[in-house]
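Here come two complexes built around subunit A, the first alongside subunit B, the second alongside subunit C.
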Partner chain A sequence: MATISIEHASKSFGSTDVLKDISLDVKDGEFLVLLGASGCGKSTLLNIIAGLEPIADGIIRLDGEVVNDVHPKNRDIAMVFQSYALYPNMTVERNIAFGLEMRKISKAERKATVREVASTLQIEHLLSRKPSQLSGGQRQRVAMGRALVRRPKIFLFDEPLSNLDAKLRGEMRTEIKKLHQTLKATMVYVTHDQIEAMTLADRIAIMKDGEIQQIGTPQEIYSKPANMYVAGFVGAPPMNFVDVDLVKREEQLGVILPAVLRGKPVDYFLPLPNSEQLHARENTKIILGLRPEMITHNAFTQTVNPEIACDVELLEPTGADTLCLIRLANHPAKARISPLFACTPGESMTFTIDMARVCLFDAESEELIG
Partner chain B sequence: MSNPQQRKQQMSVLDRLQRYLPQLVIAPPFLLLVFFVYGFIAWTGIISLTNSRMLPTFDVQGIQQYVRLLAMDRWNVAFDNLLIFGSLYILFSITIGCVLAVLLDQRIRAEGALRTIYLYPMAISFIVTGTAWKWILNPSLGIESYMQKLGWESFQFDWIVNRDMAIYVVVLAAVWQASGFVMALFLSALRTVDEDIIRAAHLDGASTTRIYFGIILPSLRPVFLSAFVILAHLSIKSFDLVVALTNGGPGYSSTLPANFMYEMAFRRNQIGLGAASAMMMLATVAAIIVPYLYSELRAKRHG
Partner chain C sequence: MAEPKTLPGANGKRHLLGRIFIWTLLLAAAVLYLGPIYVVLSTSLKDLAEIRAGALLDLPHELNFTAWREAWSSACIGVRCEGLRPYFLNSVIMSVPSVAISTLIGALSGYALSLFRFRGANIIFALMLFGCFIPFQIVILPMAQTLGYLGIANSITGLIVVHTIYGISFTTLFFRNYYVSVPQELVRAATMDGAGFFRIFWHIMLPLSIPIIVVSVIWQFTQVWNEFLFGASFTSGGSQPVTVALNNLINSTTSVKQYNVDMAAALIAAAPTLVVYIIAGRFFVRGLTAGAVKG
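Right, the complex of A and B next:
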């Protein structure tokens, strides 16, 4: 059992508030990712869980026990750092064994445990080397080994993969996920990479300016983002935001989407399927959030979704899909279609809009309204 | 108007000049260096093999000056003093400097001011250091008389006039001067240590002392080596501090080889003997510097 519970934690460096009244619960065995741009306070939050930084206000509990004043070494936590933080003067073997050595575990037992961890991570052949003789990926593995060897209740990862090249990052991501599945330990993982967050997390907490914007499963975050910041941060290419008017036509509530067809502006009326809560906002401006895959080619002759025809300015083939640059309400937007249906740039084509999945945001507060 | 062919030739002269410019600029200082440093080392080497007295002669006699030198009590005292002075000076400067650096590294208040205070002695010339410490340690002027005036009648601190202890006074003053410099050296190196390493070690359960002595200081091996080499050559060429502080006395009990060399070559008309002692000092420096340079260059080639 290892749960983390943070209640109303806040922290400031000088006059800047890095954490503002954060409350967060991590369940036993859960993989929680703290996601956010640099400077959003995610690393500070991780350091607070580890006990490396004190909190100004609030309570932090591990397994229900308040640990505000417990020294990091007594929290039974291991952490993997972005810079790996290996001890440069020690061999890989001693690096991994150091935590055990400090906990007065016998030499023979230490050796056996280190061997075991090294074989899981496939670094047995590196044990006698110094960190300076290792490549980035190997150092990363040693850093993981150092965390694993103590079998702590909780693992903390501080952007562990951001110093690796793309291919290695992908491999290590898979290994971390496997590791979580075999160990079933509680893990908190800090990253600014939304793909890492989506692939690894049981739940994601998105942070901005020291506040948690939304906590939820990757799917919830992706399909029901709490606000425009979250919606724009998660997903690549990012969600298209279009300023639209909410109007009623033939007893049906919908939005007016301005597009461009053969160089001339045209307005399309898109009926909203689940519009019960929106009646109060009739005839106001709202923001329509469309992920690129919600604007796509019409693969079927019959469709319930509304269609729009508009000019395609540019094509970006990515292999699996082709991205079309179109113009909606005078702003560039991206549509994702199959390469089979791609037209040539400058031509116009017909797209269907998946109205059941669109997100609507308040124009003022930028919060999700439907 | 010059025709194209002439112009081409002019260009090629300029081109050639440009190509050889670095060599042309470097050559004069290089030649001066060869002549005045290595030339005079060779010259001193030759003189040490002659029986030159007041004026140099070039009548090579063999190693008799070295035989004479090694039989002289004055030289042996000076060389023993160098061993005592050198080892204690290096040991204490590095230890004190290192401890000061570790303490200053704890993100304390007024660090900048403290750092300057500790580093400042290095900015003072050895003559000033020597003179000041001479007054402080003088039994009838300094600490001893002060403590006695305060009422501690039996207080004694007369190392500076004690034959057996005078060399330790030189160590004291030299350590006072150099430890701040060593501290600055270590502090700058400590600042480059990744903070995450300290955090990781905290999580691993190591105490702060253990982190410094088990992880951080061992990883500063190159800094120890630099400090050692700088202090070692400073100690071998120490001259002015002794002149100002004890003037080699009482008797010749606190002379160092450099003082011996000066005494022989320029005061007692024993240029051959002085040259021989200078060569001995060169050999001592070389014994320290050459392995250092060798290991440095080798590390770079492998690095």
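Right, the complex of A and C next:
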């Protein structure tokens, strides 16, 4: 059992508030990812859980016990650092065993445990080397080994993959996920990489300026982002935001989407489901959030979704999909289509809009409507 | 990047002229510096008759170590005629603990000031740096009083204390600036592993510090060994360091000025610092420039 519970935590360095009244619960065995741009306070939050930073205000509990004043070494937590922080003067074996050594575990037992962890991570052949003789990926594994060897109840990861190249990052990501499935330990993982967050997390907490913007499963975060910041942060390429007017035509509520066809502006009416919340906003400006895959080619002859025809300025083939640069409400927007349907740049083509999945945001507060 | 030599146009005539200029300049500087050492060395190997014959720059007729033997074990300093040997030993007894203690304290305080940034760490560091700029002459009187109060005036122990205190400013500066480039995460990782302040220092920081330890040792040894003023002020007679003894030896005129013995004595007194520098000098340059800890 290992749960983490943070209540109203605040922290400031000098006059800057790094964390503002953060409350967060991590369930036993959960993989929580703290996602955010640099400087959003996610690493500070992790350090607070670890006990490396004192908390200014609020309560932090591990397994229900208040640990505000408990030393990091007594919290039964292991941490993997961004720079790996391997001890340069020690061999890999001693690096991994150091935590056990400090806890006065016998030499024989240390050796056996280190062997076991090394074999899990496939670094047995590296045990007698020094960190300077290892590649980035190998160092990463040693850093993981150092965390694993103590069998802590909670693992903390501080951007552990950000120093690896793209291919290795993908591999290690899979391994971390496998590790979580085998160990079933509680893990908190800090990253600024939304793909890492989406692939690894049971739940994601998105942070900005020391505040949590939204906590939810990756799917919730992706399909129902709480506000425009979250919507723009998660997903690549990011969600298109279009300023539109909410109007009623022939008893049907919908938005007017200005596009460009053969060089001339055209307006399309996109119907929306009738709802009370939207009725109240009739004839106001709102923001329409369209992920690139919601603007796509028409693969079927018949569709319930509205169609728009517009000029394609540029094509960006990515292999599996092709991204089309179009212009909506005078701003560039991206549509995602199958390469089979791609036109040539400068031509116009017809897209369907997946109205069931669009997100609507308040123009003032930038919060999700509905 | 390509070697500068292999760049196109790097081997022209102007380049050659430049080389000749640089080599001439370096040669002149070398002669200027090595000239006096040559004179001292050759004079120490001559006998008095040969010295009186003049020809300061001539090589000695034969390698004659009599003057060295005399300077080491039988030259008269004041009324004692035992040569430099006892004072040389005094200097060793004084330098080794001073260097070791001040280096260790410097390492510890540099570590605390850089990696355990407590409130006011920078102010304390700035105050400690003042110690580097306080001239010896200012502290002589209060130091003499303090040593007397502690009951270690006129003793080698007293000198050890003085040199250790004086050295801490410099060693702290060295170690603090070295540790500033050690990643904080290393300390954090060790903290998570359950190591405390001293264990992190002992198991992780000290093993990383070899280059800066060498710098500190060379610097402190040179300072302590060559120091004259404290030695002359706080000790007398049998507990004087070799620098003071050398001065007294040269000033103890009996009948004739024995230039060869004076020169040999000067070389003996200077030898240890030279030896330390030759053995560890490579690390000295490396340690002063090295900062980043790889790994």
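Just so it is clear, the second predicted complex is superposed on the first by the 366 of 370 C-alpha atoms of A that agree within 3 Å, B and C clash if a C-alpha of one lies under 4 Å from a C-alpha of the other, contacts with A are read in each partner's own complex, and residues count from 1 in each chain.
As a convention for this text, a residue touches a chain if its C-beta (ideal position, glycine included) is under 8 Å from a C-beta of that chain, and two chains touch if they have at least 3 such contacts.
Quantities reported herein were computed from a predicted structural model and do not represent experimental measurements.
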item: Subunit C versus subunit B on the shared subunit A, clash or fit after superposition; value: clash
item: Touched partner set for A:Lys130, first subunit B, second subunit C, both or neither; value: second
item: Touched partner set for A:Phe81, first subunit B, second subunit C, both or neither; value: both
item: Touched partner set for A:Arg146, first subunit B, second subunit C, both or neither; value: both
item: Touched partner set for A:Asn89, first subunit B, second subunit C, both or neither; value: both
item: First, second, both or neither for A:Phe98, with subunit B first and subunit C second; value: both
item: Touching both subunit C and subunit B, counted on subunit A across the two superposed complexes; value: 47, 50, 52, 72-73, 77-79, 81-83, 85-90, 98-99, 102-103, 146
item: Subunit B - residues contacting subunit A, complex; value: 194, 196-197, 199-206, 210, 215, 218-219, 221
item: Touching residues (chain side subunit A, partner subunit B) in the complex; value: 47, 50, 52, 71-73, 77-79, 81-90, 98-99, 102-103, 146, 150
item: Subunit A partner contacts - residues on subunit C that touch it in the complex; value: 183, 185-186, 188-195, 199, 203-204, 207-208, 293-295
item: In the complex with subunit C, residue positions of subunit A that touch it; value: 47, 50, 52, 72-73, 77-79, 81-83, 85-90, 98-99, 102-103, 130-132, 146
